[in-house]
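After this come two complexes, each holding subunit A, first together with subunit B and then together with subunit C.
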Partner chain A sequence: MPAGGCRSVRAVMTIATTAPAQEGASAPERPARRRMRALDSVRRHYSAWLFLAPALILFALFKFVPMIRAISMSFKNVRPYLGDQWVGLDNYRSVLTDSSFLSACWHTAVIAVAQTGGSMLVGLVLALLLEGTARHLWIVRTAVFLPTVTAMAVVAALWRIIYYPAADGALNSVLGWFGLGPSQYLDSPHTALISVLGVGIWRSAPYDMMIFLAGLAGVDRTLYEAAEVDGASIWQRLTKVTFPALRPVFGIVLTLAAIRGLRVFTEIYLLTNGGPSGSTEVVMTLVYKLGLERNELGVASAGAMILLVATIVLTLIAQSRRRRAR
Partner chain B sequence: MNRRLDTALGLGGARGPIGVAVKTILYAVVVFVFAGPLLALLVSAFGKVTDPTKLSLIPHGFTIDNFTEAFHQGVLRYLANSLIVVGGGLLLQILVSISAAYALARKQFPGLRLVVLLILSTMMLPEEILAIPLSLVLADVPVIHVNLIGSLAGMIVPLGAWAFSILVMTEFMKEVPVELEEAARLDGAGDLRIFFSVVLPLCRPALGVIGIFGFNMIWDQYVLPLLVAQDSSKFTLALALRSLRADDTVGTGVVIASALLALLPSVIAFLALQRQFMRGLTSGAIKG
Partner chain C sequence: MAGRRALAVAVAAVIAAGGLVACGSDKPKADAKAELQIWVRKPPGSNTEKTDIQLAAKFTAETGIPAKVTALFDDFETKLQQAAAQKHLPDIVINDTDQVGTLVKQGIVTPVDKSTFTGAADLGSAWQSATASDGKIYGVPFSLQSYALLIRKDWRTKVGLPEPKSWADLDALAKAFTTRDPDGDGKADTYGYVIPGSTKRGYLSWYFSTWLWSNGGDFLSGKPGAYTPAINNAQSVAAVDELKKQFCTDKTVVPGSITAQTTDAHPLFESGKGGIYLTGPYNMARFDKNLGKDKYEVLALPAGPDGTAPATLGEGENIYLMAGSKNPAGQLKFAEFATSVEGQTLGMAGNTDGNVVRSPVNSKVNTDSVRNDPRWTLFGQLLQQDAHYAPAVPDWSPFRQDSADTLNAIASNCSLDVKTQLDKLAGTFNDELSKQGAKA
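Our next item is the complex of A and B:
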């Protein structure tokens, strides 16, 4: 909100708050007094709405209006200057019968599942390995966490270089130490998807690690003592004490990561832009191409809506399961 | 207390040369995998890097040629754009969020639950999915009919609507004792006065949390600048990295130096506000 706006708001607010703040719960009220009270309450709520106004305006303009337009465009043949034409479910039909959309859905699902599973597994291993209060552990954790705060654009630029497909490229050199490789990585349809997954896991596993670490810190230490007294091995302690205690954390990480996986766009756009030969095309890169490059806004919106419904369904399932678990 | 019982794996109890050696090797591998690539970026940015195979953790000479060439390519301009967007966006986001949070945490009014629900629901709306209609809205903002495409303002204004910082701030404000405000009210302070001189100073820890998260969120922005920027004069550093890479006349060294410039602000911000970051991560995630 601009400063000038603030000043005029202040004038209104001072008026609004001169009304008495206490709400009397006196029994029978005469109509006149009730009207006064209603007026008072409107005035008082006025200030609440004023504090909310900037947020509500921005949310309306940049979240809800686009949302509504996306829904409405998905049922229309959008023709700039000519006026839109209502086409019912045609856009959905053409998107759902399009083999490139279906394969993009498949790639999205693969990425969502594999990236979620992969980063949870790596994150859990990292968390178990780096749990503790020692200072050197804190330093290692900080270093490991850095990929997560790195902008995706930087991650992509960096990994394009690491994945350089020549035999003396960075990762191929490392593979060479173990007598493996060289691989084509992002440049071959056979390895592109898994290479993209590798970057995704590299960037999101440390995030999962931090959430697991928070969960691990909450595990009752007396349970470890009890397990020790009972002569349990480390593995038994993990599977019988630690993992059950982490169950709610697993749920949270799973939800967050799956949603993150479904909406994947930027990393694909920057790493492969869907190629080579469509092997990494996901729903959002396809929608972007349909909408902004081929200008088929209606079909693109239908594709985006399908993904949105999937995201919402997933979120709601996860939330209801979490609520039931409580 | 037995150190084997401190952690799930009990690694703190590993003693003797073999235990220490195994632990050290494991830590080294982990750091190599996750921090190594970023360190290679730092090292290579100051080396003679002519092609992608020269990315290395081991310095080969020292030169700032990559940076001078990058500046020649207009990278300072992109950096300035990025800083304007992050500065303006963060300021807007914080002001909007604390103002909304104050109303949500402190006021009782009809419609409160609906507003909370609406704001919460946007957390389920991935910005990527809204990209196309958002670009149409930005080209002709409803009611005021302004075209924000091609201007930095178009990258900044939508950042003000972020549910996460409103929710974190609301939760925090609910914990702040209400007595101080009541005392100020008795002394005749108005809502705005109370907001700025009583509530805000008490919320400083939460400001750190939404500040670092907001910074990260904005610095990571790609879709919004992609929709808004029409020519390279409005590119942010994130956008520029792709066009620099695609340009055959620009060497890998320039890309690496520019990537390092895009990396450093986020790393510095994270290291400076690490405690707040972790607090936000755990509170936001665990409470869900």
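Our next item is the complex of A and C:
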């Protein structure tokens, strides 16, 4: 969205600056017209800024100012009532040499990749199954979308019940029918990460599905018909018609899902709080603990900055790849 | 270009405005009638919150100083951190005694002068729990408590075992609860121990400390300013071996315990999942109601095989007078009222579950006239005879957090070697002691 908005502003500006040159022939009208036009453009811009102001002020107060504060805090030993001390790069050094931060980075990367891949795959399958205009499909789609709109606290409470690690737990009972389990799920360091991933995919796949559905609706129907006439199988129709048409959608879903994966916090915090034995600790939960449980706000800010840089780099790569693809 | 410049101006203006909002004045003018904001770590809507509100109302009635109680439970310290970062602290915070160091380190609590505190002598040795490692007093003791075993008496009768006198007895009882279907429903759905094993707030370390001390182990040895790690000595290792045995070998711990916080653990006991729960007296009123007073008994945790005497974690709550208050005189008056015989009696709330004062800090309070329950007497005795307090390091939180992390790892990953892990933890303790300047 921001890129599009910027382009339209630039377009308006180009029109405003090139227009008078084209009308150079009608000499007597020129100064007055130009002044009018300039005034007009100013007026137009100011009303745009006026409309943007509420959002800008809120963003500045709750996003930009805290972000700038965090940058400065990351170089300090933060003590709100005793005065901050400048410590240079010490916070970054202690974060980057901390083995728990490095393992948290690894867990974050695993979650980002696996959750992105998993939810895209499930989302795509769901979208292909549920595409169409029939009424029952509409109801099913709404039902499938529910996990995404349900509050995370509720989802976490629900999954803690489903994952209850005794033999009579909900999911373990199902496993029991096949002679499997009982699994420890969130309670064992070996299965906790994958259990958390399961919840993440379950929750975010429907979101991806919605974007895919929107993309599928834009695919030209006549291409399917033409492919069918040419004798293409279902698989060929998928790979030769659907997927190429969905290419820009893949880009968007991938970027959104990857960023979502990197800043994963709520589900981990509520399901395991990073445990057991630190096996599900991610960067965000660690930053949270460092800052608000251990009161090391400076070190926590340094960790957050590293995550921010990673997110920015990832977004830039995704953007440039998309542009090149175009 | 005009657009860009306008954007720059707008952003700059907004940031400047934000900066102005952020920079409030640090020293407000004293106002002896300003309302006191009181934060208590109690579940909102609970009877304990109601008692705190009554206490504040009585205080207002007697002194004319308005006071507003805010009950917060989940992430209490986090919310306090946020308030501190905003430089907008409440006037009074009633929270755990082991928070002294953390609050002092951040400079968000003000010292208390015992010599001018009305009724200081009545608090006697309780002042110790508000004394920081520098020897100064920060905060006023408000409530004290000890820990004991709550055991399902009906289950114990059913499996025909005597009251546990040793750790071996306890383990046998836990095994019987797990395997011999003490609730008689024909399903293997009961277990021995209920344990809040989460690392959040260092719960597991906090829970386990009573076991550790009962076996003669310790976190640190030495005296204030000159500590060495003791968490990897023979008695400590044996105590942690016992914890590991419960989780890994006997499998007598209720499933789900390893990620359970206290609020998750209480229901496991009262709903009949587990039959042995080491916890504080404040849960009795709740369990009397939800489980039944006749269904469980209260016993001291027996000394461990290497221990010489029973032990219990001794802790409680202090009234902290926070920095930056508009009404410092009012803060002090509230603390004096809350620790007076009248305030303490009100806080004890008889035998009800509204008690905010577990065992009184004021020696003039006649406990037996307020409560007529022998179980409370047991907790009181344990507190006086066997209580161990967290070591007086400048900031105990990192130690508790690190030990909770290690214990959680040992209990959840059964392949880990206890001694190796505790040696590693002792190394972490050493680093932290140096960092805090408390190393021998």
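Quick note on the criterion: the second predicted complex is superposed on the first by the 264 of 326 C-alpha atoms of A that agree within 3 Å, B and C clash if a C-alpha of one lies under 4 Å from a C-alpha of the other, contacts with A are read in each partner's own complex, and residues count from 1 in each chain.
The working rule: a residue touches a chain if its C-beta (ideal position, glycine included) is under 8 Å from a C-beta of that chain, and two chains touch if they have at least 3 such contacts.
Since the model is a prediction, treat every value here as computed from it, not as a measurement.
When the shared chain is aligned, no partner comes close enough to touch A:D220: not subunit B, not subunit C.
Applying the stated contact rule after C-alpha superposition, one finds that A:V287 touches subunit B and leaves subunit C untouched. Contacts of A:R79 after superposition on the shared chain: subunit C is touched, whereas subunit B is not.
Once the two complexes are overlaid on the shared chain, A:D230 sits clear of subunit B and of subunit C alike. Judged by the touch definition given at the top, the superposed model places A:D187 against subunit C, while subunit B stays out of reach.
When the shared chain is aligned, subunit C comes close enough to touch A:T272, but subunit B does not. In the superposed model, A:H45 makes contact with both subunit B and subunit C. Ranking subunit B and subunit C by residues of subunit A touched puts B first. In the superposed pair of complexes, A:M67 makes contact with subunit B only, with no contact to subunit C.
Across the superposed pair, subunit B and subunit C both touch subunit A at residues 9, 13, 45, 49, 56, 61, 64-65, 69, 160, 164, 166, 168-169, 291-292, 297. Here subunit C touches subunit A in the complex through residues 2-3, 6-7, 10-11, 14-15, 17-19, 21-22, 75, 77-78, 81-82, 84-85, 87, 102, 105-108, 187-189, 197-201, 255-259, 323-324, 397-398, 401, 405, 408-409, 411-413, going by the rule given at the top. Against subunit B, in their complex, subunit A makes its touches with residues 1, 6, 9-10, 13-14, 16-17, 21, 44-45, 47-49, 51-52, 54-56, 58-59, 61-67, 69-70, 73, 126, 128-134, 136, 140, 142-147, 149-154, 156-162, 164, 166, 168-170, 202, 206-207, 210-211, 214-216, 219, 221, 224-225, 228, 234, 237-238, 241-242, 249, 252, 256, 259, 262-263, 265-266, 269-270, 284, 287-288, 291-292, 297, 300-301, 304, 307-308, 311-312, 315, 319, 322. In the complex of the two chains, the subunit B residues touching subunit A come out as 2, 4-12, 26-27, 30-31, 33-35, 37-38, 40-41, 52-53, 55-56, 95-97, 99-100, 102-104, 107, 109-110, 112, 115, 118-119, 122, 124-126, 128-137, 141-142, 157-158, 160-161, 166, 185, 190-192, 195, 216, 219-220, 222-223, 227, 237-239, 241-242, 245, 252, 255-256, 258-259, 262-263, 266-267, 269-271, 274, 277-278, 281-282, 285-286, 288.
Per the touch definition, subunit A reaches subunit C in the complex via residues 9, 13, 41-42, 45-46, 49, 53, 56-57, 60-61, 64-65, 68-69, 78-82, 160, 164-169, 184, 186-189, 271-279, 291-295, 297.
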